[in-house]
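Below are two complexes that have chain A in common, paired first with chain B and then with chain C.
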Partner chain A sequence: MNSPLNRRWWEPYLWLLPSMLLISVFVIFPIIIVFKLSFSEISKAGVIGGYIGFQNYKDAVNLPAFKTVMLNTFWWVVSVVGSSTLLGFIIALVFNQKFKGRKIARAILVFPWATSLVIQASVWNYIIKYEYGSLNSVLLNLGVIKQAINWRSSYQIEFIWECGVGIFVTVPFVAFCVLSGLQSIDESYYEAATVDGAGFWDKLFKITLPMVRPQLTVSTVLNIIYVFNSFPIVYTMTKGAPAHKTDTMITYLYMLSFYERKKGPATALSVIGFLILCACSGLYMITVMRKEEEQ
Partner chain B sequence: MKKTLALLLALIMMFSLTAQTAFADEPITLDVIICQYGPNTNDWFLGKGMDGSNFVEKFEAANPDIKLNLEVVSWNDVHQVVDTRIANNNAPDILNIDTFSEFVPDGLLMPVKDYCPEDLFNDFFPAFIAESVIDDTVWAVPDLASARALFYNVDLLENAGVEVPTTWAELEDACQAIIDYYNGDVYPWGVDMTTDEGQACFAYYAWGNGGGFVDADGNWALNTPENVEAVKYVISLVNNGFTNPNPATETRYDLQDMFSAGKLAMLLTTNQLPTYVSDKGGEVKMATAGIPANEGKTGSSVGVMDRVMAFKDDSAPDQAKRNEAIGKFLKFFYDPENYVGWVSMEGFLPAVNSAVEALVASDPSFGAWLDVLGTCQFYPAAKAEWATVRQGVTTVEQEALIGGDIQAGLDALQAEVAG
Partner chain C sequence: MNNPDVLKSNRRALILIVIGLALCLILLSMPLYSFSASVYTKKSPNTFVGDEKYQQVRAEVEAVAEDYRAKGHEAVIGEDVLERVNSKGKTTSLITFTISESFDRSPLSLIRPGFNASYVLGTMLALFALALVCAVLGSAGTLALEHHFLNKRASLLRGTAAVALLLALLLVPVFILMNNYSFSRQLGLYNAELLTEGKDALFAKMDLLLFDGAMGDQIGTALNGLTMEHSGLLWMLLPCLLVSVLAAVQLRYGSVQSSAAKAMLYFFVVIVCLVTLYPYYVMTVTAFRSNAETLDMYFLHLFPTKWIWSNLSDIIHRGVPRYLLNSLLVAGGATVLAMLCGIPAAYAMARMRFKGKKAFLGFVIMSQMFSPVVLLIGISQLMNTLHLNDSVLGLMLINAAFNQAFAVWLLRGTFVAISPEMEQAALIDGCGTFGALTRVLIPMAAPGIVTALIFVFINAWNEYTIATVLISTAANRPITVGITQFSSFNMIEWQYLFAASLVATIPVVILFMSIEKHLTSGLTSGGVKG
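And now, the complex of A and B:
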């Protein structure tokens, strides 16, 4: 009746306790504090006053740059997560093949992901610099162009560069997630499919994709969160200039808080961002899990 | 009962006296935050950059009753660090930063008279002290300053047969002549409208057109016709191809690099440019001139000053002793034996009279810059809305770069800060 398993019902909770404590202190507690702050008056110097209801939210939504920043954030997340997922998947397929130098190629693939984002963004800044950029130098020396090109001639192009750097540093993470899934697929599935006359695309859509869906789900959800919260690339490359046209929500709320000293609206924006992230990640996970259950 | 009570009271008094004595004997620790002005700042305060020793070691040796918990923080992070510490009720005792007005409404700062020795206070340039006054109280003291002027590459201008411009019209002619002569290989004029320097850009042209940030009474006057015309003028320089191509993202340091490399002919920047160019190994024959102004208007040099301030700490057991310790810190810092090395190390200008003689003796060019400093206008950093205005004018400029309405932008900013 009272089995040893039942007598030690508390054991899993004991093992979970340290991580639960850490999560409570470093994640849940700060979230509660930010929620509380978003309903409080906060002075320019950061002194916290009394409850002011939804005033900070009203101020945040009425900021002139709010719509631009929200739209930028949407395109930033969609383009970086979408493109890096597609490219990462293709690279993983290539790296799953047996070829000479595969180990070295895999090691090189880690570099963009393992290097600090600030360094990555600074290096790209130098590459695309108009005056002394290495891209212009290389192209001029090769005779591809006769005059240096201004690679940052408009804010739309600047934003595309930022997204490009975002994709460049995110691809390795997706590739390695997918690669781990690909390596766990039994070869016999493909052999059986070949015997049944399946081609490359049949195998890709009917074996590979369904089998790596869990890894893709994890990498996509994590990337949505990482990319949405990514600060260094945009801040290092443009600081949101001109006039917040290249800002995402995270860089904007930083500028709002520490440059313009509008700390109340900045706090409200961070809560709005948190809720959007919860909704997007939750929705995506529910959809994917439902599909898996249906299958 | 009475005897017991009397005994108890006597014991409490004895204990409190003992406690006071204990506190009095303990060395006081001051939390100090210093901004990182350049590669040498950290070395001077904490490394070996002060005659093989550093400021903290020397100060503690001279003041054994005071310990310094000194931190050098980069300009990129300092506002975040300070605001976080204030929010956590852990403000530093002494802070070196650019602005101070945001701390005054919350009653966070101590008036300077509470801790600054009178002889030291009288040593500061009065015009500098006047920039740190709110409601007739001085809340901070200047630690150093820099002055802005027009730097030009003598060879580039001479080869193109261009005279140094003094007016906006002359500036446009000079730019066109440089473009024609160098076939577009040299940028005639440097413009920095980044979030770091957009306010300086606004000041150069607004002050050179009889406008500015405030009116004669010190009230915000951002949307005046003079200011609108000034922003239009600088945008026209960009649109005519007279400037560096990306003013919203090319910082002062990018421009100084271009100037160092002989790629930029003229630049409005700080008196530190010669130090910067020589540190980079550049060999540019440069000279300085006044900032060009509109026809019939007087140009004004732009002065930028940073400050040192002390925060209140109601939990300090002995306020008088704390104030005295802060005073000793300031006295040691501004002692010409220490201060001259600090100011000249990064090529800044001094804030106290006692340092002038030694600085001019070590580098005669300081004398000319001190004259410029005497005629400078400073940002209205004592006004509580300054942070909003600083970013606001930068945003208006950047909007204008992509076709935004300057008048509407300045109207909105004026309405926001002036109500």
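And now, the complex of A and C:
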């Protein structure tokens, strides 16, 4: 069926056309606009002027919060992706065992994945309020603590909470990716290993881990991209306050362009972010393409 | 089958059960709760330590204390001196005399009807008795039998013993926390007059329990300064009982190891599920509280004192139905569009051979890498040019475009997995390529298509960032942006925020659960299976 003789050469392209059009107009075109804007002068009112070279980039790098924001972004991505990969892997290992109520447990695990990030962030915002939050309420009423605790006493701690919420919403994705890999492992590998006298750790590192590596790679790379791009958690919980100290790059560039009217540096930051993502996706594509070739 | 080793280990297990329970009972009858209460206070203003008035009041207080002592109380007198220089340079003073009592009680002696913790402890004791009886009856005459050869009755009895002890173990923290609640938290709330209902009845009961009813009218004062602390030894109940539990498991199953692993497994699963569900509990419970209760500084209750169902009808008048409709339009439209464009592309990718196939695949994967956020500025510029700013249609197109990659990818994976023979047959029968696709392939690929469909729908439904930038008119907001109106800078109406969130979350969670099985295969099929 691969090529019926009467098919014209342009027919496949016709089939691709709607999809190409949609992506080109709404994804590729904005990329071009952002690139162009990043080299143009933009007034505070948003009027676009002529070419000014790398001035916007210089402005962006010289912004007082630039270093903090880049560092935050780094820690945000590393801690969220790292922790949720580890936790998700462990949860997947456990949820892959046979036990009563496994279906229900897995259905519950889907919840955070299915819920809008802005809603999740709002709920956690309420949970950790000092004056009336739910966490204090639950702990006090259970008698675990005697006095209300201020869960967000400094911006560093608030940032840690943001990372925590990020991990909370990312874990299910990793867990389900790993689960799909675990399900495809043949039971006989483990039986053979047991006969050979392999212990729990041997099996984990010599069978399980290599077998789910493709899924782990996919979920890690996708997570790096999703987490890097994540906006609602930080925006809802702190809005980057105080003075951008809890901002990540994405929320920062939003603030810059839509609140502080610094569209020039904001577009430059967009391009920087775009290039970072390109590097990540390049890595990803190489992995995927290699898989493709193996088949 | 009678085995001396089995006899020995079973006997040891029985003895351990008894020892564990005995230790628990000893702990429960030890005076681990220490109370202290002020039974009498007298404030004496303008009094200085040692002066005439002081002597007089002190004597009065001593007399009262004697009365208490006569009734067999300890009655320790305490003074609190407060001296202050007022604005005229004169020193004023207030001395507060208190007669306080401290006494220790054992958990067992706190058992009284009307206290929830007492019922828990009572249940625990009943479980102890049940476990003991079952363990003994279940071992009578079968002590030397290996657990595989037990008859039904013996294994049932031994099993009951293990389960009863496990339940008792779980009740230990419940009991400790509940007692804490009754004697410090709940009492504190009554004293601060945050709770009023049922106060008199409870106080009368506490009078009987703590002071043998001696306080009468004075009980309010006495309980006002009541403090209760429990010794850390109380938590030793857990290890003591654990010994019994493990021994009972050994008695029933012959070995502890496998059961312990299973127990750990369940423990882990339960913890994960509880943590996952916690925000949803908060969302649901808060959605039905009154506004005052959502902002209550005293953390009154785990559940609303009154479930306010009108919160749901209130949000109807705050534009929520409109937002839901917008979300439905955006998500539904984006899904349809993504499928209409995606299915042909995926079909071509799966079934046709042409130049630039790899380039297109790269193009598609590339576009998946960029969330719209990093391109926000470009997108808003583009939308301005197209006059699609602030419109549901614009939002729909963007969502369709940014989910296109995923749709193509997932559908291609589904199509590749289906053998092309059926379509070839259809082609030979004279169907066009289009006919082969719609009449043969799409019905066969239905599960995969539905998964992709739901996934795109949920992504678009939950999208927030682009909507918040593009939409400025209230009537065009999707629900994710709409709910933020309930949290303005100076006032957050949590109950409405969460009521609307609940309404927005339930349908997508249900949809997501329906595709749970296909979720992972779909997601990683593009990358892993090719």
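Note that in this section the second predicted complex is superposed on the first by the 258 of 295 C-alpha atoms of A that agree within 3 Å, B and C clash if a C-alpha of one lies under 4 Å from a C-alpha of the other, contacts with A are read in each partner's own complex, and residues count from 1 in each chain.
Keep in mind that, in the parts below, contacts are C-beta pairs under 8 Å (C-beta built on N, C-alpha and C of every residue); 3 or more make two chains touch, one makes a residue touch a chain.
From a predicted model like this one, the values you see are computed outputs, not experimental measurements.
Colleague: Thinking of the overlay built on chain A, is A:L275 touched by chain B (first), by chain C (second), by both, or by neither?
Modeller: neither
Colleague: For A:K44, decide between first (touching chain B), second (touching chain C), both and neither.
Modeller: A:K44: touches chain B, not chain C.
Colleague: Would you check which partner chain A:A114 touches, where first means chain B only, second means chain C only, and both and neither mean what they say?
Modeller: second
Colleague: Does chain B (first) or chain C (second) touch A:I286, or do both, or does neither?
Modeller: Touch status of A:I286: no partner.
Colleague: Chain A residues in contact: does chain B have more, or chain C?
Modeller: Counting residues of chain A touched by each partner, the higher count goes to C.
Colleague: Just to be sure I read the superposition right, which of the two partners does A:L142 touch: chain B = first, chain C = second, or both, or neither?
Modeller: In the superposition, A:L142 touches chain C alone.
Colleague: Considering only touches as defined above, state whether A:F26 meets chain B (first), chain C (second), both or neither.
Modeller: second
Colleague: Which partner chains sit in contact with A:E158 here, chain B, chain C, both or neither? Use first/second/both/neither.
Modeller: The answer is first: A:E158 touches chain B but not chain C.
Colleague: Touch check for A:L204: first (chain B), second (chain C), both, or neither?
Modeller: Neither: A:L204 stays clear of chain B and chain C.
Colleague: Taking the superposition on A as described, I'd like to know which of chain B and chain C A:E131 touches: first, second, both or neither.
Modeller: A:E131 sits against chain B and chain C alike.
Colleague: Need the overlap of the two footprints on chain A, from chain B and from chain C, as residue ranges.
Modeller: 131-132, 257-258, 263
Colleague: Residue numbers of chain B touching chain A in their complex, please.
Modeller: 79-80, 83-84, 86-87, 102-103, 105-106, 108, 193-195, 245-246, 248-249, 257-258, 261, 263, 384, 387-388, 390-392, 395, 398-399, 401-402, 404, 412
Colleague: For a test of understanding, state which residues of chain A touch chain C in their complex under the given definition.
Modeller: Its residues touching chain C are 1-4, 7, 9, 11-13, 15-16, 18-23, 25-34, 37, 91, 94-95, 97, 99, 101, 105-120, 122-124, 126-127, 131-132, 134, 136-138, 140-144, 146, 148, 168, 173, 176-177, 179-181, 214-215, 217-219, 225-226, 229, 231-232, 250, 253-254, 257-258, 263, 266-267, 270, 273-274, 277-278, 280-281, 284-285, 287-289, 291-292, 295.
Colleague: Under the touch definition given earlier, write down the residues of chain C that touch chain A in their complex.
Modeller: 176-177, 180-181, 184-185, 262, 265-266, 268-269, 272-273, 275-280, 282-283, 286, 294-297, 299-302, 337-338, 340-342, 344-345, 347-349, 351-354, 358, 360-379, 381-382, 397-398, 400-402, 404-405, 408, 420-421, 423-424, 427, 433, 458, 461-462, 464-465, 469, 480, 483-484, 487, 494, 497-498, 501, 504-505, 508-509, 511-513, 516, 519-521, 523-524, 526-528, 530
Colleague: For chain A, which residues count as touching chain B in their complex?
Modeller: Contacts found on chain A: 43-48, 64, 130-132, 150, 152-155, 158, 237-245, 255, 257-263.
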